[in-house]
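There are two complexes below, and they share subunit A, which is joined by subunit B in the first and by subunit C in the second.
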Partner chain A sequence: MSVSIRDLGIVIGSQTLVSDVDLDIADGERVGLIGSSGSGKSMISKAMLGLTPDDAVLSGSVNLSGVEAVGADEVTLADLRGRYVGTILQDPFSSLNPVTTVGRQIELPLRLHYRLSKAERAGRVRRMLAKVGLDAGLADRHPNELSGGQAQRAAIATALITSPRLIVADEPTTALDSIAQRQIVDLLVRLVDDSGASMLFITHDFSVLARATTRAYVLEHGRVVESGATSDLLAKPSTPQAGRLVGAARKLALE
Partner chain B sequence: MRFLIRRLVSFAVALLGLSVVIFAALRILPGDVAVVMAGLNSPPGRVAQLRAEMGLNRPLPQQYIDWMAGLLTGDYGKSMLTGQSVTSMVVERASITFPLIIFGLLIASAVGLGLGVAASLATGNGVRTFFRVFGIVGGSIPALWGGLLLVLLFARGVGLIGLFPSQGFPQEGWGSPGAAFASLVLPALTVGLIDGASLMRYTRSALADVMHNGCMIEAMACGYTRAQALIHVGLRVIVPQLVSVAGLMFANMVTGVMVIENLFALPGVGSGLIADLGDRDLIAVQSELFMLAAFFLLVGLFVDVLHRVLDPRLRRSSEGRM
Partner chain C sequence: MAQHDMLPAETVHDGRLGISDVVAGSCQADAVGPAGAEGSPQGRDSSPRPALHTPDEPVSLKGLGKLAVVLRSMWSQGEGRFALVVLACWIVVSLASIVWTPKKLWETDGYHVWAPPSADHLLGTDGTGADVFSWLMAGARTNLLIAILSVMLAGVVGVTLLMAMVSRSKMVSAISVVAVDALISIPTVLIALILAVPMGASIAVIILACGVGYGLNLARIARPQALLAAGSDYAVSARASGASGGYVLFRHVLPNSLPSIMVQLSLSAGTAILAESGLTYLGVGVPSGVPSWGHSLSTSVKLIDVYPLTVVWPGLTVTVVVVALNLFGDVLRQAIDPIVNTALRKVAA
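What follows is the complex of A and B.
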C-alpha cells in the first residue's frame, strides 16, 4: 500500500500539534519517522487511520492507495484498520486488552474482517505466534503474565495476523533493552519484507532507524525539518535537530 | 484458593462481631418486651413471671450463648408475641422483598448500563445535557419522594394514569402471580430508577476513563469503530468495577427497600423488621438483624470472589504471593 500525506495539520483545542507535514511511502517501502519525544510522531500515525482523540481537528490529506483518510467516515476507516493497515501502538502493555487472552487479542482483526472457522483462526494464531517467536502456550495467557519482549511480540502478531498491506509501528522497541531491540527490529523487517507490505517505522532512536528503514523524515515540534535516505541522514545530518538525534544515537552505541 | 480461605475467615469474624453488636444493642434499647406484653399497668409480679418464661432473667453471656447455639443449629427462635418461628416469618416476608430487590436491580442495570453507554457515545450538546441532568437529578432524589412521584403519576386510583396498584400485596401472595407482580412494579421502579441513575453516572465516568486507555485504541486499530470498541472492549474492561458497584447498590437497595415497603404497604422484610422493633419483639428483631447482616456479608463475599474471577490481573497478583 502506498501512502501520500500532504499538508497534514493536527490541532487539539488551542494547541497546534502537527503542521504542514508531507510524507510519502511507496508500495513495499520501509520509511522512518524520527523525532524527539513529544514532537508529534504518534499523533501523525494515529491521524492516518482516524485514531486521534475525539477533540482533534485534522486538516490536509492522507491518501492510502487512493482512499482519503482525513474526514473519511468511521466505517470506512474501521474497515481499513486491521484489514489493510496493521498498527503497533506505542506501549504494548497498555494496549493489549487486560481482560482477554493473548490468543483472543491476536485473532481480533481476523474475527472482525474475515469469516473463518474457530479452528482456522486458532491455526493462524498458532502459526503467527511461531513467526514472532512466541510459545504456542502463551495464547491462553493474559497480558499481565507476559514480559516486555513477549508483549511487544504479541502486539506485532496482532498487527500482522491479517497480512496487512501497510504496517504502522510506533516505537516498537522503546521498552526493551538493546539486544532485544535489535531482535525485534530484525524480526519486524523480515516479516514485513516477506509479506511485501509497506511500513512506517516510528522511533526517537537513530541506531534503530538504520536497521529498519531506507528513507526517513525528521520531525521537530510537529514539522518535518529534514528527510532523505536514512544512511545520508546518519552520515551527514544537515539540520541541528537531526544532528542532535544522531549524536544521541552514537553516544548510545558507544556505551 | 488462599484468597478464598482468607476471605471466608474474615467473613466469619465479621459475622461473629456483628452478632455481638446486635445482641448488645438490643439489650440497651429502651422498652422491655415483658412490660409491653404484660400491659403497662400490670402488677410487677406478672412482668417478672413473663421475663422468666422468656429466659430474659438469665445472665447476658448465657443468653448470648444460647442464642448463638440456636443459630448454629438453624433455630432462629420464636417471636415473643405471636409464637411463630422467626425463620418462617422471614421466609414469608422475603418472598416479597427478594423479588422486589431483584426486579429493582434489573431495572437499575438496564437503565444504568444502557444510558451510561448511550451517554458516552452521545455527541450532541443537548443529548449530553439531558444525560447529565438525569444522572444528577435521578441519583439525588430520596426514595420516598421518588416513590410518591411515581404513585402520583401511575398509581391506580390516585395517579394521573392509573396503571399499577400502589398499596399492599395480594392476600394469596404469589398464588396470584399477575397481581403480585403488578404490586411490585411501582416500588421496583422507584428503587430501580434511582439506583439506575447512579449506575449510569458511574458507568459513564468509568467508560470516559477507559476511552483514553491504550486497549481501546488497539481495539479500534484492529477494526472496531469507536462505538463498537466501547461496547465490546470498554464495557468488558470496566465489568469488574461495575460488579463492585452493583454489590454496593444491592446492599443499598436492601435499606432503600425498607422505606419503599412502608410507602407501598408491602409486608416485606423491611416493614416487618420495623413492626417487630416497634413491638419490642426482642428475639425476632435480634435474629432478623442477624440474618440481614449475614446476607449483606454474603453479598460482599460473592462480589469479591466474582470480581476476582472477572479480572485476570487480580487473579495473577494473588497467585504471585503464594
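What follows is the complex of A and C.
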C-alpha cells in the first residue's frame, strides 16, 4: 500500500501539535519517522487511521492507496483498521487486554473483518504464532504470563494476522531491552518484507531506525525538518535536530 | 463497496491487493493465495458481520467449567465457604417453604402467644400465636425474590449507565454523568415513598427503588475502573484492529470493570434485604400478610422490651444473610479475576 501525506496539520484546542507534514511511503517500502519524545510522531500515526483524540482538528490529506483517511467516516476507517493497516503500539503489555487470552486477541482482526470457521481461524493463528516465534500453547495464556518480548511478538502477530498492506509500528521496541529490541526489529522487517507490505516505523532511536528502514523523516515540534535515506541521515545529518538524535544513538551504541 | 473481499494469503504474493482496488470493488483474483489460505467472501454490505460466537464453539461447556473453577476457588477460602453455605441454605429453605413449613402460616395458637422456643414451636410464636420459624422460612423466598430482582434491575440500569458514562460520544457521556450525579442524591427510601403513592405497599416498590438506586450507585462506583479500561492501550489497540466503539465497550471495558460491578451487585443484594426490612416497617414495602423477614421484624419489634427473643430470630437471619452476601462479593471478585485466579486461566485453554 502506498501512503501519501500532504500538508497534514493536527490542532487540539489552542495547541498546534503537527503542521505542514508531507510524507510518502511507496508500495512495499519501509519508512522511518524519528523525533524526540513529544514531537508528534504518535499523533501522525493516529491521524492515518482516524484514531486521534476526539477534540483533535485535522487538516490536509492522508491518502492510503487512493482512500482519503482525513475526514473519512467511521465505516471506511473501521474497514481500513486491522484489515489493510496493521498497528503495533509501544507498550506490549498495556496493549493487550489482561482478561482475554492471547489467542483471542490475535484473531480479533480476523473475526472483525472476515467470515472464517473457528478451525480456519485457529489454524491461521497457529501459523502466525509460529512465524513470530511463539509457542502455539501461548494462544491460551493470558498476557500477564508473557515476557515483554513475547507480548510484543503477540502484538506483531495481531497486526499481521490479516496480511495487511501497511504496518504502522509506533515505537514497537522502546519498552524492550536491547537484545529483545534487535530481535523484534529483525522479525518485523522479515515479516513485512515477506508479505510485501509497506511499513511506517516510528522511533526516537536512530540505532533501531537503521535496522528497520531505508528512508526516514526527522520530526521536530510537529514539523518535518529533514528527510532522506536512513544511512545518509546517520552518516551526515544536515540539521542540528537530526544531529542531536544521531549523537544520542551513537552514545547509546558505545555504552 | 466491495462485494467479494478476500482474506489475503498468508504467504508472499506479487499481485498486491491495493486498498484502492478493494474499496473500488475490483478485487484482483490473483491476489488470493493458495487453497486453504483464503477466507470466504464477505460482502460487507449485503451480509451481516460474523457473529461473536460461531455456533461450533462449545460455549456452554466452557462456561460450566469456569463456573466450577470459580466455585471451587471460592470454597477454598473460609469466608467463601461461609457465604456459599449460607446462600445455599437460603435458596434451599426458600424452595422448601413453597411446599412445606412446620406449621401452616395462618395456623395460630391463641393460648401460646409470644411463646418461647419449644419442641412444638422451634423458635417460639409471635403475638398472634403464629409459628416464628415457619414465617421466617416463608419470608426467605420473598426476600430471595426481592434480592434477585433488585440485583438484576440494578445490573441492567447500572451497566447501561456505566457504558453511557464512558462511551466515546461526548454528548452521551456528559448527559449520563450529570443524570447519575443528580439522581444519586435522591435517597432510596424517598424513591420508594414516591413510588408507593400510586403503587401502594408492594414488593415491586422495593425492587424498583432498590434496582434504580443501586444501579445509579453501581454506575458511579464502577466508573473509575471503566474509564481506565476505556482509555487503555488495549482499547486503542482493539479500535486499531477495526473494532467499533460498542465492541470495545462490551468486550473490553465491561469485562475489565467486572470486579467492581460484581462486588457492588452483591453488596446491593445485601442492602436490598436491609431495605426490605426498613420499607416494610414504614409500610411501603411488603404488604401485610405476605411473609418476609421485614414483616417478621416489624410485627415483633414493638414489643422488643418484653419479648426480645422474637425480634432476635428475624434480626439474626437478616444479619447473617447480609454478611454472607457481602463476603460473597469480596470472594467472588477474586475468583472471577483471571489475573488473581490462576486456575481460571486453565479453563480458558
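For this structure, a couple of remarks:
Definition applied: the second predicted complex is superposed on the first by the 255 of 255 C-alpha atoms of A that agree within 3 Å, B and C clash if a C-alpha of one lies under 4 Å from a C-alpha of the other, contacts with A are read in each partner's own complex, and residues count from 1 in each chain.
Note that in this section contacts are C-beta pairs under 8 Å (C-beta built on N, C-alpha and C of every residue); 3 or more make two chains touch, one makes a residue touch a chain.
Note that this is a predicted model, so its numbers are computed, not measured.
Annotation: superposed three-chain arrangement on subunit A; subunit B versus subunit C shows a clash. Contacts of A:113 after superposition: both subunit B and subunit C are touched. Looking at the shared chain after the overlay, A:165 reaches subunit C, while subunit B stays out of its contact range. In the superposition on chain A, contact is made by A:66 with subunit C only, not with subunit B. Looking at the shared chain after the overlay, A:97 reaches both subunit B and subunit C.
In the superposition on chain A, contact of A:147 is made with neither subunit B nor subunit C. Taking subunit A as the reference chain, the count of touched residues is higher for C when subunit B and subunit C are set side by side.
Of the two partner chains placed by the overlay, only subunit C lies in contact with A:195; subunit B stays clear of it.
Contact with subunit C, but none with subunit B, is seen for A:127 once the two complexes are overlaid on the shared chain.
Stretch 168-176 is the one among 42-50, 60-68 or 168-176 where subunit C clashes with subunit B after the superposition on chain A. Annotation: subunit A residues 49, 51, 54, 74, 78-79, 81-83, 87, 89, 91, 94-100, 105, 108-109, 112-113, 142, 144-145, 155, 158 touch subunit B in one complex and subunit C in the other.
The touching residues of subunit A, when paired with subunit B in their complex, are 46, 49-51, 53-54, 74-75, 78-79, 81-83, 86-87, 89-91, 93-100, 105, 108-109, 112-113, 142, 144-145, 155, 158-159.
Residues 1-2, 27-28, 49, 51, 54, 64-67, 74, 76, 78-84, 87, 89, 91, 94-101, 105, 108-120, 124, 127-128, 140-142, 144-145, 155, 158, 162-163, 165, 194-196 of subunit A are the ones that touch subunit C when the two sit in their complex. Interface of subunit B with subunit A (complex): residues 211-215, 217-226, 228, 233, 236-237, 239-240, 310-313, 316.
Only residues 5, 7-14, 16-24, 39-40, 42, 44, 47, 49-50, 52, 54, 56-57, 168, 170, 232-234, 236-244, 247, 252, 255-256, 258, 337-339, 345, 348-349 of subunit C touch subunit A when the two sit together in their complex.
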